[in-house]
Amino acid sequence: MVSIQPEDFDAAAEYQALRDSGAGTGAIVTFTGLVRDSGDKPDVRGLYLEHFPGMTEAVIEDVIQQATARWDIREARVIHRIGHLELSDQIVFVGVASAHRGDSFRACQFIMDALKTSAPFWKKELMSEGEHWVEQKASDRQQADQWLDQDSDRES
Amino acid sequence: MVSIQPEDFDAAAEYQALRDSGAGTGAIVTFTGLVRDSGDKPDVRGLYLEHFPGMTEAVIEDVIQQATARWDIREARVIHRIGHLELSDQIVFVGVASAHRGDSFRACQFIMDALKTSAPFWKKELMSEGEHWVEQKASDRQQADQWLDQDSDRES
Amino acid sequence: MTASNITVSVRFFARLREALDTDQLSMELPTGSNAGQVLETLARRGGEWSQLTGGTPLMIAVNQAMARPSTPLNNNDEVAVFPPVTGG
Amino acid sequence: MTASNITVSVRFFARLREALDTDQLSMELPTGSNAGQVLETLARRGGEWSQLTGGTPLMIAVNQAMARPSTPLNNNDEVAVFPPVTGG
């Protein structure tokens, strides 16, 4: 399930949907990203998120397919918001249900890392005076690249 | 926050508590373990969980302290149920809030891996005929040991 | 469009869309052109357009799939050009 | 307890508690004994008790902290013996 939406999402409902993925589910890992009020620029008042409609959904579906081929996962759900966001707002949700915890953890982190470098979203930081487009971090690229070197080792 | 309890827990309320950990929180990772109905023994009807009161809480608090020393995390919450559990019941919750996603993912997985091999819980599988104590898996021990070899590398 | 030309649409996003003040344009290219030649052709307009080949890191998608400058183009292809992505 | 002895309580959990049919017991040991000597002393009772030194993997905690057979004991210490843990 992939949804790109301006509306906020209900993380509890997403978790419940993952729980309902069947009686073989033994592990659920969720990631939620929030708009932070501090960090690089303490002056940030909010964000504006632009995306490439159509391609965004296709890229994320492809990332989920890659995760499904690599790990034994039962369901993956991704929600990404667009448009104007306030401080502390939820931006992104990635949730994975699987039989075993290792698969859930790895698939969830892989999807999030790949989304950060492949899905066509762009973030603009809104300051008290002016605004500016966020630059991609080298660390995000390295984080995504690490999956290229790893075996899909599993534990039960 | 550590709680050992026979009662079910509300994962949504735990997530909300992690969101309320402050405006510097940018990433929340949660793990939930459920009683699976299939896998090694398709005949399992439920679980009984015994623990060592007092020591269990102390071990988990210590694991959270280790995670806090190793990664930049803002809050960690662990709930583990004891007593009789039915199929599909929630067993365990581990949730971590931090500024950056890498810290949340690693701390959450570290806490769960350490809990699996250090916290004095014992699981008995209840079958349609009889019951038996679950043996520890070598893979759980290996999964926990891997953290000994890793640097606490961070990305933002 | 002449027999030896193809027409492609080109889309821009985010910082690039704002800098070029352009969402989308249509252009003709010789048959056999690749995605990199779209950028080279537009860069020759000068001004802000020069950044399309100016060394700033850019990503290219053809028909909504990630592509490279060497990706060949067909008639009616959609070429998207944008800065490295920053979602999540 | 004599001057040269210490008294410790010993607790058992899970499979071990059931096999020994014992939650807890109290025992005297010579001053200077360690946790491993608790297991050796009890194993001499024979029967199910022999598994305390029989090579089955066991974990030991002294005063609710993980310990080893070599961990020294003091008077009134609590020694817990249990199978490898299986929570989560």
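Chains: A, B, C and D, in written order; residue numbering restarts at 1 for each.
Here is the rule we use: a contact is a pair of C-beta atoms (placed from the backbone, for glycine too) under 8 Å apart; a residue touches a chain by one contact, two chains touch by 3 or more.
These numbers were taken from a predicted model, which means no experiment stands behind them.
Along the shortest chain of touching chains, how many steps lie between chain A and chain D?
The fewest touching-chain steps linking chain A to chain D number 2.
Between chain B and chain C, what is the gap in Å from one C-alpha centre to the other?
49
Between chain C and chain D, what is the gap in Å from one C-alpha centre to the other?
The separation of the two C-alpha centroids amounts to 74 Å.
Between chain A and chain C, what is the gap in Å from one C-alpha centre to the other?
The computed centroid separation for chain A versus chain C comes out at 27 Å.
Could you state the distance in Å from the CA-based centre of chain A to that of chain B?
22
Can you list the residues of chain B that touch 2 or more other chains?
Expected reply: 33, 101, 112, 140.
Could you list which residues of chain C touch at least two other chains?
Chain C, residues with two or more chain partners: 88.
If two chains touch, include that pair; go through all of them.
Inter-chain contacts occur between A-B, A-C, B-D.
For chain B, which residues count as touching chain D in their complex?
Chain B reaches chain D through residues 33, 49-52, 54-55, 58-59, 80, 91-92, 112, 115-124, 133-136, 140.
Can you check the complex and tell me which residues of chain A touch chain B?
Going by the criterion above, the answer is residues 11-12, 15, 19, 23-39, 87-88, 99, 101-102, 104-105, 108-109, 112, 137, 139-140, 142-143, 155-156.
Which chain D residues qualify as touching chain B in the complex?
11, 13-15, 18, 57, 59, 61, 64-66, 80, 82-88
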